[in-house]
Amino acid sequence: MGLAEWATTLVNAMTWAMATFLVAAGLTLIFGILHILNFSHGGFFMIGAYVAFTLLTRLGGANSFSAYLLAACAAAVVVALLGALVDRVILQRLRRVEDAYVLIATYALLLVCEGGTKLIWGLGYQSLQPPSPFEGAVVVGNFAVPAFSLFVIGAGLAVFAGLEWLLGRTAAGRLIRAVAMDPWTARLLGVNVTRVFAMTVVAGFALAGLAGGLLLANQSLSPELASVFIIQAFGVIIVGGMGSVRGAFLGAMLLGLIESVGSYILPDLPGLLFFAALAVILLWRPQGLLGRERGT
Amino acid sequence: MAEILLEALGIYKGYGRIPVLKNVSLTIERGESHVVIGPNGAGKSTLFKVLTGELYPSAGGVFFEGKDVTRTPAWQRAQRGFGRTFQVARVFQHMSARENMLIAVETAERSRGAWIPPWRLAPTSALEARVAELLEDVGLADRAATVASELAYGDRKRLELGMTLALQPSLLLLDEPTAGMSQSERKASVDLIARVTRRHGISLLLTEHDMGVVFGLATRLTVLHYGEVIASGEPDAVREDARVREVYLGHE
Amino acid sequence: MMPAEARAARNRFLATLLCVVVAGAIFPSVANRGLVFIAGLLWINVVFGLAFNLLFATGGILSFGQAMFYAVGAYAASVLSLRLPELPFLWALLVSGLAGAGLAVVAGTVALRRSEGVYFAVLTLAFGELLHIVITKSTLLGRNDGLNGIRRPVIDIGMLHLDFSAGDAFYYFILVVCAFLVGVLWMVTHGAFGRALLAIRQEAQRAEFLGMPVQRYRLIAFAISGAITAVAGALAAPWLQIVTPDLARWSNSTNPILFTLLGGSGFFWGPAAGAAILSVVFYTTRTLAGIADLATGGMLLVVVLSLPGGVLGLLNAVRQRATRRHSGTEAADG
Amino acid sequence: MTHITRRDFLISGAALAAAGALPTAWAQQRGPLRIGLITPLSGPQEFIGSYVKNGAEIAVDQINKAGGVLGRQLALVTRDDKANPAAGVAAARELLTDGVNLHIGVISSTVTLALGPVMQQDNGVLLTTGAGTEKMNHENYTPNVFRIGDSPDARARGQARLMAQRYPNVTRWTGLIPDHEYGRTTWAIFVDGLLEFYPALAGKKPEVLDPVLMPYGVSDFRNSITLAMRQSADGCFNSTYGGDAITMFQQARGFGLVQRYKILVDAANEFLIARGMKSAVPPMWTGMHYYPEANKGNPMSDRFIADYTAKTKDAEPMGWAAEAHSAIYALARAIEKGKSAESKAVIQNLKGLTWDTVTGPRTLRPEDNQAIKDTELVFIEPANTEKGYQVTQYVKVDGRSVIFPPSPGKAMTFRKP
């Protein structure tokens, strides 16, 4: 393919990658610290999107960029509060029990999210157009890039940078990493592990809400949205290495490229290469690109 | 010179960049009781893990009855005659002493190539007898029905030892067999170990802190210091060794 | 467990199984055929759940990919009945079981490299989704539409000629085969192999240093569970007379886990109880427009949070408290 | 939403009570004549189910107000099929053994195909109100299952015929086709229509490009859109549906894909895309089960809209509501015609039945139980109305001129380019 086609393929890949990373970030963060695979993550992502949608349509300003960002932040806050509630009422009680119970609890939570969304926001399909600066296309030489794709890519990179800074450079981040390494010792050293866990859950949910708000204009809005991202987000964190934010970032870009190039060379089998790649990577490195090998 | 049962040659092992074992070699002759001593962090446990197959060395080799077992998985070593106990006794907590022993006996049977139908609910009377005998051996006959988690610590260690004996090992590797025991328990278990090893002609390798235990059992001593063997030989000879006195007994 | 106790336990199990089968056998004469259909699915689900719990409670392995075995069995039986109608159904069941075992060995060899809890769950989940995609892309398997028009079998065993194609006759076949599978699972769980698995679950390293090939045992357990689940799926195909790719999805993999946690993983019959309870719940909520999702989700949360021992665990606790109070009063009287 | 749901709950609760309380035989004779309504009331398809439910309930109310059927009132017994074959079969068999032999609803193709054998074995009747599969009156034809609405061939060939009439110069066609069976089938039929009607009506041979296969249930269509951008076609047939369609068109805006086509025709989204995208909706022809404006003056339609608005505050119901409404009336007429609600008689009288519906008279073809009705199409454009879109044209294509001749038991065959 020509240069322009390569460029388009690359932009598509990055858009897919960053959108998926936005959703996967909270998922992998929570998994890394609490070893919980949160099935309801997609549900809260959806709620975040609905919250942002309601704010923008009720309060207007739907096509102002700053309003769009504000709505996303508001969504993050609302979902973070829900996260605090979930941690208090459900997760804290399940700290000592086997993984299966937590897994099922989060699955049940997903059903509750979907049911609740149907009751509050109804069954119909809705959508919101990107804020005016990101409508239409940006033309570079002989190929055009959808402006909103650039926004999604930017948002993904920003959130990644933010997380890197938060986990790498701040005291909270150091605490979180300490607990992730070895909660037992951390507790021994007087770290309030329960608080760190709660912090992580809240952060993870906030990320879900933020993703919902930022990606609001990326796809249609309906109670189905909860399940739209979940499999590809799982794929990304499995490939990247469960619990690793960097891994999720890399995994997203890798799978995004595979998805894009795949649709170019196998147009008759959309989405197949994604799963093929997933299988190969599982066979080659079950612990994922940046996953920690299991200790002997 | 008697036949060599287990031989370790030039073992190197490190965690990450930190070297733990540097060119460690030692041999265990059939029938001897070989005790490895050394201050904390000398690498006793790591050496132990390398010998039992819990870890593989980064360099060097382990030979059992002349065959290379350096990278043989632990369960295969166990089937070939390694019997191993842990520093903190590991038994099947939610099973009775008898069930624990039964698992060991059945596993031993399988290792010997005997076919035990997977669906067999209760063991044959032959196995039952063997279980009873072993429990008797380690003095737990009267606690057969007690759930392991409710056994006294000393009893749990003896149960573990008994389970290991069920394998009829030719080599018994005990990691600090008396750790966390009272003086009287120590005495008892030293006698027990001495008795069973003598009765079944089992060679012995153990790591130990308690000098009473060491000199009560050892027919040979190896002193490990910062991952290196600094002395090896008859207990009395080692006891007189200047370097040992300096680096090791100095610490006592 | 002394031989006497062993015999007692076996007899208790056989008695329970007999009661269940008898109840199942008379059910059609007292219930409408919608319920009979649901009951047919229930027996299949009982096996689905028990096969999962063999891994979970006995093997200490959390599989989130049981649906792939169910689907493989269902599709194997369907393809055979559509492409090779002359192949006796019992053979089709056997082939389905083998297919399930084969798939389990393949998936297990990869996934058991991360056998601890949730990792294994995620890897098995991924394999289920992979299978789902493969099905939707293969014409032989009917792609998204699935395969329909699967006929119910006629079985000839020597003199015996059994026609299950008419009415609900196939229900009884399901009942018998499921009872048999439950028996097999009980033997595997309580026999020497089950003992070994339980030991591995409690202290894997001890087991290994006793000379047990721990990973191999886990793989064998996974294969057994896969095979039995696949046979259950193979029974479902002619009962539904249609199979769709959804059977392989993780939403279906959650079912046996729900059965188990709801009924109580600590009890052999736990998953069976759970499956029964869920069938009743779904049957009674089948007309609640709009709130079915909320109702199911809410109920699950309540169970997971307040009944970690499952419903059987609750009953057990209640019985014990009752007996304790009873003996207490006796003591007072005496 | 909340209060409607509570009300649905009450209604179905009552239906359940009715179903449970009355001894079968007695119910059959004197009590209300019960009709099974089997449709998704949970899961992703609940959205469609809600329209089916409202439409059916309105029809039942109307008929009961007018004195019922053969002097008996009608009562709906509602069941959730979760758009899942197992749940659907369980519901159908329960109702059948409970003496409910007449059923409507079922909009999922797999559930419809799963219920075929059940209806045949247990002597029931099912009128699907929107299942898209062509198999039901071909490979998997059973005399007990009827489709009272558009067949996929009538729908897509009707669209092709309209294109040939209105746009004789648009001859390079491509498709945006979801990579599943229904998508592939609709495309095959549409192509068949192009190949028949362009030569016949426009005197031109159409050029058919390979369609762009779309994933479904995903968040990102940009790769497929890029593939579409590489084609140069004048006409485009879209078969992506619902949330996928909205996501796809939304992402296509950034690429300016739709502007590349002279005309865009959509298989079956009715107002879904328009309502979802408002003023961002791409101008398109779309197929409808029923468009009120096109049926103004038809008293049945006017009354239906009045009642529907009263019931739901929604003056533009999706077509499934009309399908359910028409299905109830088909049953009522067939029962009256044969003076019997027994399955055998009802099937006999449904076959060949012509009855009035909100879309005008329809006829059920006796050979394959497929209704012949006009294909309704509307042209939707963005507008600065409060809805954000408006319908600027609508047409009815005569069903007889586009539907394939019946071939029960045989798979459909198509003209190939």
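So that you can tell them apart, the chains are marked A, B, C and D in the order they are listed, and the count of residues begins at 1 in each.
Definition applied: a residue touches a chain if its C-beta (ideal position, glycine included) is under 8 Å from a C-beta of that chain, and two chains touch if they have at least 3 such contacts.
Fair warning: this is a prediction, and the values are worked out from it, not measured in the lab.
S.K.: To reach chain D from chain B by way of touching chains, what is the minimum number of steps?
M.R.: Step count on the best path from chain B to chain D: 2.
S.K.: For chain C, which other chain has the most distant CA centre?
M.R.: That would be chain B.
S.K.: State the pair with the higher C-beta contact count; candidates are B-C and A-D.
M.R.: Of B-C and A-D, more C-beta pairs in contact link A-D.
S.K.: Hey, how far is the Cα centre of chain B from the one of chain C, in Å?
M.R.: Measuring from centre to centre gives 42 Å for this pair.
S.K.: Using mean C-alpha positions as chain centres, tell me how far chain A is from chain D in Å, no decimals.
M.R.: 36
S.K.: How many angstrom between the C-alpha centroids of chain C and chain A?
M.R.: That gives a centre separation of 33 Å.
S.K.: Using CA atom averages as chain centres, what separation in Å is found between chain A and chain B?
M.R.: Each chain's C-alpha centroid was found; their separation is 50 Å.
S.K.: Enumerate the residues of chain D that touch no fewer than two other chains.
M.R.: Expected reply: 5, 46, 50.
S.K.: Of all the residues in chain A, which ones touch at least 2 other chains?
M.R.: 118-119, 269, 271
S.K.: Which positions in chain B touch two or more other chains at once?
M.R.: Expected reply: 54.
S.K.: Spell out all pairs of chains that touch, sorted by label.
M.R.: In this structure, the chains touch in these pairs: A-C, A-D, B-C, C-D.
S.K.: Show which residues of chain A lie in contact with chain D when the two form their complex.
M.R.: Where chain A meets chain D, its residues are 5, 8-9, 12, 15-16, 19-20, 118-127, 129, 135-137, 144-149, 215, 217-220, 222-225, 227-229, 232, 259-260, 263-264, 267-271.
S.K.: Which stretch or stretches of chain C touch chain A in the complex?
M.R.: 56, 62, 64, 110-111, 113-114, 116-119, 121-123, 125-127, 129-130, 133, 137, 254, 257-258, 260-261, 265, 290-298, 300-301, 304-305, 308
S.K.: Taking the touch rule as given, give the residues of chain C at its contact with chain B in the complex, in rising order.
M.R.: Touch residues, chain C against chain B: 1-3, 5-7, 9-10, 187-188, 190-196, 198-199, 202-203, 205-214.
S.K.: Sort out for me which residues of chain C touch chain D in the complex.
M.R.: Answer in residue numbers: 32-38, 41, 136, 143-146, 148-149, 167, 240-242, 244, 246, 282, 286-293.
S.K.: Give the list of chain A residues in touch with chain C in this complex.
M.R.: Against chain C, chain A makes touches at 31, 35-37, 90, 93-94, 97-101, 103-105, 107-112, 114-116, 118-119, 231, 234-235, 238, 242, 269, 271-272, 275, 278-279, 282-283, 286-287, 294.
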